[in-house]
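Each of the two complexes below includes subunit A, the first together with subunit B, the second together with subunit C.
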Partner chain A sequence: MSYAYLFKYIIIGDTGVGKSCLLLQFTDKRFQPVHDLTIGVEFGARMITIDSKQIKLQIWDTAGQEAFRSITRSYYRGAAGALLVYDITRRETFNHLTTWLEDARQHSNSNMVIMLIGNKSDLDSRREVRREEGEAFAREHGLVFMETSAKTAANVEEAFINTAKEIYEKIQEGVFDINNEANGIKIGPQHSPTSPGGLAGTGGQGSAQGGGCC
Partner chain B sequence: MEYFKSSLKSVLGTTPADTQQTGADTVERLVDRLQSSSLLDDRRDACRALKAFSRTYRVEVGAQGMDALRQVLEMDRTDCEIIGLALDTLCNITNPEMFDEEVDKHSSKNKIGEQFTEIFIKHSDSVGLVLAFLEDFDFRVRWPALKLLTHLLANRSKDIQEIILVSPMGVSKLMDLLSDSREVIRNDVLLLLIQLTKGNANIQKIVAFENAFDRIFDVIEQEGNADGGIVVEDCLLLMLNLLRGNVSNQNFFKEGSYIQKLTPMFQIPNEIEDNNFDGWSPQKVSNVHCMVQVVRALVAPSAPAQAVAACQRTMRACGLLQALCDILMASGVPADVLTETINTVAEVIRGNASNQEFLAGVMAPSTPPRPAIVVLLMSMVNEKQPFVLRCSVLYCFQCFLYKNEVGQTQLVQTLLPQGNEAPSLTTGQLLCGGLFSIDSLSNWFSAVALSHALIENISQKEQLLRVLLATNIGKPPVTLMQQCVMLLQQGNKTQCKLGLLILLCRWTSYCPLAVKSFLAIDSSVAYLTALLSSQENNDDLQETLLQSMCALLIGICVHFNDDSVPTYTKEKVCNLIENRIGWEKFQDAIGGIARHEIYSRTLKHPQPSAKNPSELLLDHEFCRLLKSLEGVIIKSVIDANNENRNQLSVMNLPDNTLISQYKDLIREQDIQIQRLNQANNFLTKEKQEFEVQIQELRSAVSHLRDQNLVLRAAQANIGDGKEKNASSNDLDLEKELQTYKTMVADLENRLAEYMHIMQQHNKDKEIKESHLELISQLKLKIDELEKLKKDQEALLELLTDQDSKITLYKERLIELGDKIESDESSGELDTDDQPESSN
Partner chain C sequence: MSREYADENKGCARVYPCERVNMISGIQIALKNAIDVIAPPVTPLQDFIYHWKQLMNFYVSHLTDCKVPVQNTSIPRHLDVLLDILLQEEKEENEPGPCLEYLLQHKLLDLLATLASAETPPGMRTVCLAFLRKFLGRSIYPLLHHTSIYAPIQRLVALCNGNPPSPIEAEEIQFLLTICYLACKYPHVTNIINDAPIVQAVSNPTKKDNERTEIQRVTYVPTRKRINSNPLFEPLDTQAITLINPNLFDKERRKLPRSNHVFKTTVSDPGHLSRRSNESVSSREESVSSSPLAQKSVCDSPLLNTKSSEQWEEKDGGDSSGNKIDEHLQNLRDLRLDTDCNAYEDAGYVASDNQSLKSPNKMPEKSKCLLLDALLSYLNSADNTVRIRACEGIMALASLKDPSFAQTTARSELPSIVSTRLENLFNAIPAHVDHLDIYNVDVTWGLDSPLWTQEKKFPGCRQVAAFFMWYDYCDRLIREAQMELAETLARTIRVVFFERIVTPALADHHVILITALVAKCLKVTTSSILCTEVSYWLVGQDRDPEIPNVWTSPVLHRLIENCFTDSNDLTVETLKLFEEALDKRNEHILHCLVLIYLSTRAYYDNTAADSAITSWSDEEDEREKDKKGTLDLSYEQNYSRTLAPSNIHRVINCFLSLMPRYLQTDPDVNNFDKYMPAWEQQYTSALSDCALMAWPLEAVMVDDSASSDSRPEADHCSGRFYMGPFLSMLFDKISNMPRQTYEINLEVMGLILRLALLPHPYLHEFLLNPLLPLIPGTKSLFLCLQKVVKQLVSEIPKTPENKIMLAETRQRLLSSCPQEEEKEDILCESAVVTEELCKELAGIAYVKYHHSV
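Now for the complex of A and B:
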């Protein structure tokens, strides 16, 4: 149960692009063809290993509907990573990416790692957005890109893990202030905050909860 | 300024008769000054004075000054002092409480604070302004802003929740204040958050997302855990708000390993007897109450089973269950804390085999050591214990037996005759003792507890039939069921009877053997029918329940009757119902319970909900049994009844035909089943085949895809430069080259083919053309021929003409007789030559 780091993620994107299914596939390794509309935000978690370190991912799956937009905005600030998802079979979900990205950039901390996900890659016959377009958009906006299928699980692991790798690298480079929990990163209970180096800490607000049994 | 000062004096002076008039006037002037004065100092003074008036002349200040104050918040936001004053003033006028010094006391019921709140939030950005002031670190601004928000929230909680929810970073700004080093702000924001999170799942989730649990545990730790003051309680109340009924947050709590952080809070140091024992302070009692509520929120029976099971596992693993059991067995724990702890243990073990086993293994520190469960049951059947405590023990025992076949078996086992008479007290003995005690509450508790050992467990129902009780010395032992029926008939306490009926209904349901035993007991059915047919006391709740349960028991005796007791076969019991009770009365009675509020209340939650002993009449699991059986029993009884009638009225219809009809029907259905089975088999086979095919196709597709990729890569490499080719991708390239070669050869072949075709085509064309030419030449020749023919004809005509002329001339010559022969010969020559040359 113990972990070296804890990362907070959010999943954003238009309604019906498969955000909840991506999360379910990642946390439970199953696919649910009929999924209820997400109301507000739902939570999921899983442990992964990067660089032989245990990393806990806490993922908040947001509602894509416009009506919940003001609620979901509250989650940008505290997240270290975001999966921005569109549906390759629905062009309009791709067209809305700019709005989503603006929203995310405006409300999140500047270091948040954003991964662009073109979901439903199993439905290639109904494809409306070419892979190259997704790649181009990602390149233009400095995002990591991947096409996934929550149904077949293709690239789902990779999407979450690669995002974590990116964050992990940023920590190693000292880009993230890991003592500020508002960045969406927490150090594991048994790991002293001084070990990753380069942290002129601002006084441990959150890191001071040692002890306890985990 | 002079005037203002004098009026202020008069207000603060001692002339109560004039104050009201003067007060309103002064407020008007102050508001005017606040709005129109260009100097900040003046405005600040006016604001300060308004604040001073805002308690006594709250209505006036609110009614006249609201806009001016709002204006200050907008315009003067750089000046902390005036902002603080304005916020304080707004705080006073929106205060949900009444001030003692308030002049306008008559309107206390009008909720002045709420009305002003309504006015204040009419401007859409008012709350946003106040939220923005929270970011100001200055105490003079932050604190009143916080207080104002608290008042607004208290007055119009739903509205404010929605506004804060949609204002950017609204919740986050509040959460930041939890880390404020000034305790008063931290504590006030805790109170605010408790109000804010009430009944709003979205806010609860955002608050949790903003690391609320970490913050809360930090504060709890700083404040001294369970021994801490009211701030700890506030923290726990907030935690409870975040968790109760919010599955997402519960999941987050579990995944964030926060359950583990609860354990140390429950590890209450063992009270050392000689150390001055001050017992539990009221605050500590409150704190522990909140703590167990937090635990119960995570394992509530109403929550999704999967989530509950995961939390229960963690609670055992991290020692929380152990800590709770320690409190159970500790001395000096106040009764209400003990009660709630028992309820909590109940829900932590409910339906979880390992946790149930854990509780079974807990030993009480008594001499001799006894299992904790035995000690608990001793309290349940002890009438000196508080009622709520006894209820909680029943709940705990029910949860212990819930889906616990091992526990059920063990309990029944303790009642069965065993070789060695165990001297130790057992659960079964305790329950039997309770069943036959003179305390009707103990009877009810024991009967219900025993009934839970039989839930969904037919073998224990049958085992329990074997239980014998030794009554008086010298008399033969009686079975437990006989004893129950006897108690049912003898007693005059309804609560005891209800308990026994609950037990008997559970016992006989789904168990024909138990039905048989029950029917075989003398006067058992007679008693039930007698009770049901009595008309008295129809309005009395207990009487209704009693009749209802009797009806259910008779119904069970019909539905699960295997006709093995000749005097009470299915048919005979039905006849009895019809003749002695009447169908309508029976149906009415069986549905009687469901009409009562106590039924729906009991059905809602497995925990006994009674507030006092006399209310304890129904059991949750019994209500569920009734709910599931009511329909089938009525149907079964009606069917049996109809069958009887049919048999009476249609006696002449020979049974044989009916039977043969049924046989035919069965045969038909058999055939149908076979057909469907075959179809099913066929379809499954087909499905398997298809699946295999799909897999093959998939692998083929992936294979092709791989090849495609390889080829693409190779292509790209070729593009990059020929030098690289040789080194790495030789094999691929060769392959590729070969394919290209074959392709080229193929194409060449095709080209040759096409050329050939073309040539043929050209030849054809030439032939055709020459043909056409010939035809046209032919035509020309034909024309010529025709022309010549015509010429010939013309010449022939001419010839004949000349011939005739010649003959004419010849004749003339003959007539004349001059040199005929020479002329004749030359003329003959001419005619011979002419046709030959024309051909």
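Now for the complex of A and C:
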């Protein structure tokens, strides 16, 4: 299927916070009640529409288990967006956010859009992390914030789509270099720009490091 | 009946050895009763045993015909139920429950492993692997240290081999990844997945003692999980040894009459029947002997069952039916052995059944990492997902924080397999790939796999992408691996790939493409350990300066020669490679390329220092006098005065006035401010990148004290100054600017600016201080530029309409949208580049000054 852009996402966060469930809800509109712990990294994809443009999301669902942290880390690079998930019913998953964020910032490209997600909002009676705390953390670290429920599907679409919107805006602003696929963005087959070449192209490359002779 | 069950429940809740007899015979009755009324069993354990026996029943009724695909049998369903019961039990009890104990005690997994190896019925292996993966992955207990778990797991791991590709590789790799996960989660079990003790223990009796201590080590249970009341969870499980070493078992058993007693008297112990036959056939291996197959299922059909269960009890003493099944299984196994070329296949069986079969060639001690070897065999899989999973597993094991395991992996085949794959993928890149396409290939090992397989951006892009994905994996793996393994990996990649493959390729006729590929490798290298090895390849390991015209580093030699061929493309690509090398900000590269040649300051003319007051120190003294009192002196220690000469305005002026006014095309003549912000930013990052390189703060004579008072010291720099091959090449290229293409000039400019930006005092004054007194005959950047300008001045005015030409050239080169091909004029283009270069240099000099005051 053709698309205007392709964005690569990763989903990170402690084990059991509902990463796989969020992905399953987003791609298959299903909920999986048993915790089938992710071993390694799983992959999912879905098409969305932003600004009447078809955008393909490729999503990598990582393992939250400490034992697999090295694998997760090596997936950060080359992602345009990340969903950083915690479980509102388990405070320790919220407390670990700083570590996750540090790891992500260190191993990803600096423009990566990070969406903070407080999942399991359906379990309000067992809530351990107040909504305001999530908001405050997001504000402090410059993230977008949202509470979701992979069970009831509340805000799940929004979480993925808003992240895409954020990336899309960054592309419009020229923050993302769309020709550099290491940013986790790909232009669809029919939208490829005329091949960058000629002298200005070469000069542009020189100036990227050379301080801008042009 | 219900009361009877209630009693049974109590008996079943905990299985202690002394109670076992009662309990198990109780189950017999219970089962019989259950069958009589076709009522479902009541306790989870009964349910569990029921389904297990149902499963086993298949084998009893299909002794000769096992061709039914497993999916058409009830086996998968029974296994699903068994799994559910086990997981449910974990949820409800806060210590290992009776079903788990049953599974351990009766070595169910061992039997499953046997059936999986025999592929009976067809598809059984997939089903067993899936069952084990789910069970072990989800269980909250660290089970792997139990012999009755790890021995079958080892056999299954050994069965998994992606070479040649297996039709069920997806399930195999998922299973292996789960074992990796367990190994990472419970690092104390690494010994289990690490060695291949099945083979060693059985074949090598002298190792028995070692093995035993080994086992004592691996069967250690973390105190947190230790359950004292339960013998199965004792740190040393004596029964656990048996699977590794049957002989040991015999001894142990004699010492432990109680467990013997259990075997003799418990009807439902599946091991007991065949155990006897085992004794008669001396060296039959444990897994078969413990086979619960020996029992006929009770539940096939209600009518028959009462009978058969009676028969079953009668037959306790005889071993005819049990043996039949055993033999049957054995035949299956033998069959598999004949057809299967897997060297690891059923290694344990071969070893214990027949010593002569165990040929040392067939079982080479190639590596001790059973699991790692299995994973490595999938690296060439055609299935992306399988390959990625293998990569993930390897990365997880490589990052395992266990020094002895790291050592084992470093000595395994991992480094050489990883490097060889890099080599093969490199060689697979078609020679016709356009070198200009390389720059834009940006891939990562994990995120791009589904993408690039269908990609058709340019001919050969898939192979290029495959190579860079693997290079990215190597880089990541080295970053995540434990130190010893990381270093071995990087070293092996240098030797196997860079030295053996790339070095000779730099002289063959695809050298342009090769150079572009290497430049890209440098660009994407993020691991400092890999970068170090690549730097050794690039500039050699020797840190001493080269003598002029005597080449010690073959690669550097070749690259510099490649800059002087007739091929414009080769020159450009090689200069780009140097650009990437400088961008690494790698101490060794900078040292060997440039800094070592400047560190004696042999270019500096001491004698001239007096007459022309230009050295930083004299100038600085004046400035000191002027500003004393107003300046915060605490700054002085941290900031280099070499980088901030007080005559900065003269320095800047030198650069800005180099190009005569009438050749300048920038309407904003002396304005270099517009370059400032970009350089500010880059200089800040250069400062932080180079902060740890222990560079001197100031440019001073090395032997200052000796030469300070004795003035006529012209011969103090005994050897002539040699700036090294790299700077020599660059200066040659600078001098040649009026005769070179724009692309080359742009690259040369980029390299000079990169060097000028570095906060190294000698390099700084050598490149950025045109007022520095130099030993006569020394080439300097400024002198080269002067020569260039002289040439431009003498030649450009001769061409007609040169003013317009220059302006148009500038327009063309600096506009961002490519225009239709106009007449290119090398002279005009060079003039524009030279003008820009001078301003950039002035800009850098100013930014560095600014940062240092």
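Side notes on the structure shown:
Note that in this section the second predicted complex is superposed on the first by the 192 of 214 C-alpha atoms of A that agree within 3 Å, B and C clash if a C-alpha of one lies under 4 Å from a C-alpha of the other, contacts with A are read in each partner's own complex, and residues count from 1 in each chain.
In this text, a residue touches a chain if its C-beta (ideal position, glycine included) is under 8 Å from a C-beta of that chain, and two chains touch if they have at least 3 such contacts.
On a predicted model such as this, the values are computed, not experimentally measured, just so you know.
Which of subunit B and subunit C touches more residues of subunit A: that partner is C. Judged by the touch definition given at the top, the superposed model places A:16 against neither subunit B nor subunit C. In the superposition on chain A, contact is made by A:179 with subunit C only, not with subunit B. By the touch criterion defined above, A:65 reaches subunit C but does not reach subunit B.
Of the two partner chains, subunit B is the only one touched by A:44; subunit C is not.
In the superposition on chain A, the residues of subunit A contacting both subunit B and subunit C are 8, 40-41, 43, 58, 60, 70-71, 73-75, 77-78, 181, 205-206, 209, 212-214. Subunit C meets subunit A in the complex at residues 137-138, 174, 177-178, 181, 184-185, 385, 388-389, 392-393, 395-396, 398-399, 436, 439-448, 450-451, 476, 479-480, 579, 583, 674-675, 678-679, 682, 742-743, 746-747, 749-750, 753-754, 812-819, 836, 840, 843-844.
Across the complex, subunit C is touched by residues 6, 8, 36-37, 39-41, 43, 58, 60, 63, 65-71, 73-75, 77-79, 179-182, 184, 186, 196-206, 209-214 of subunit A. Those residues of subunit B lying in contact with subunit A across their complex are 165-166, 168-172, 179, 201-202, 205-206, 209-211, 214, 217-218, 221, 248-249, 251-252, 255-257, 260-261, 263-264, 318-319.
Considering their complex, residues 1, 8, 40-45, 56, 58, 60, 70-71, 73-75, 77-78, 107, 181, 189, 205-206, 208-209, 212-214 of subunit A touch subunit B.
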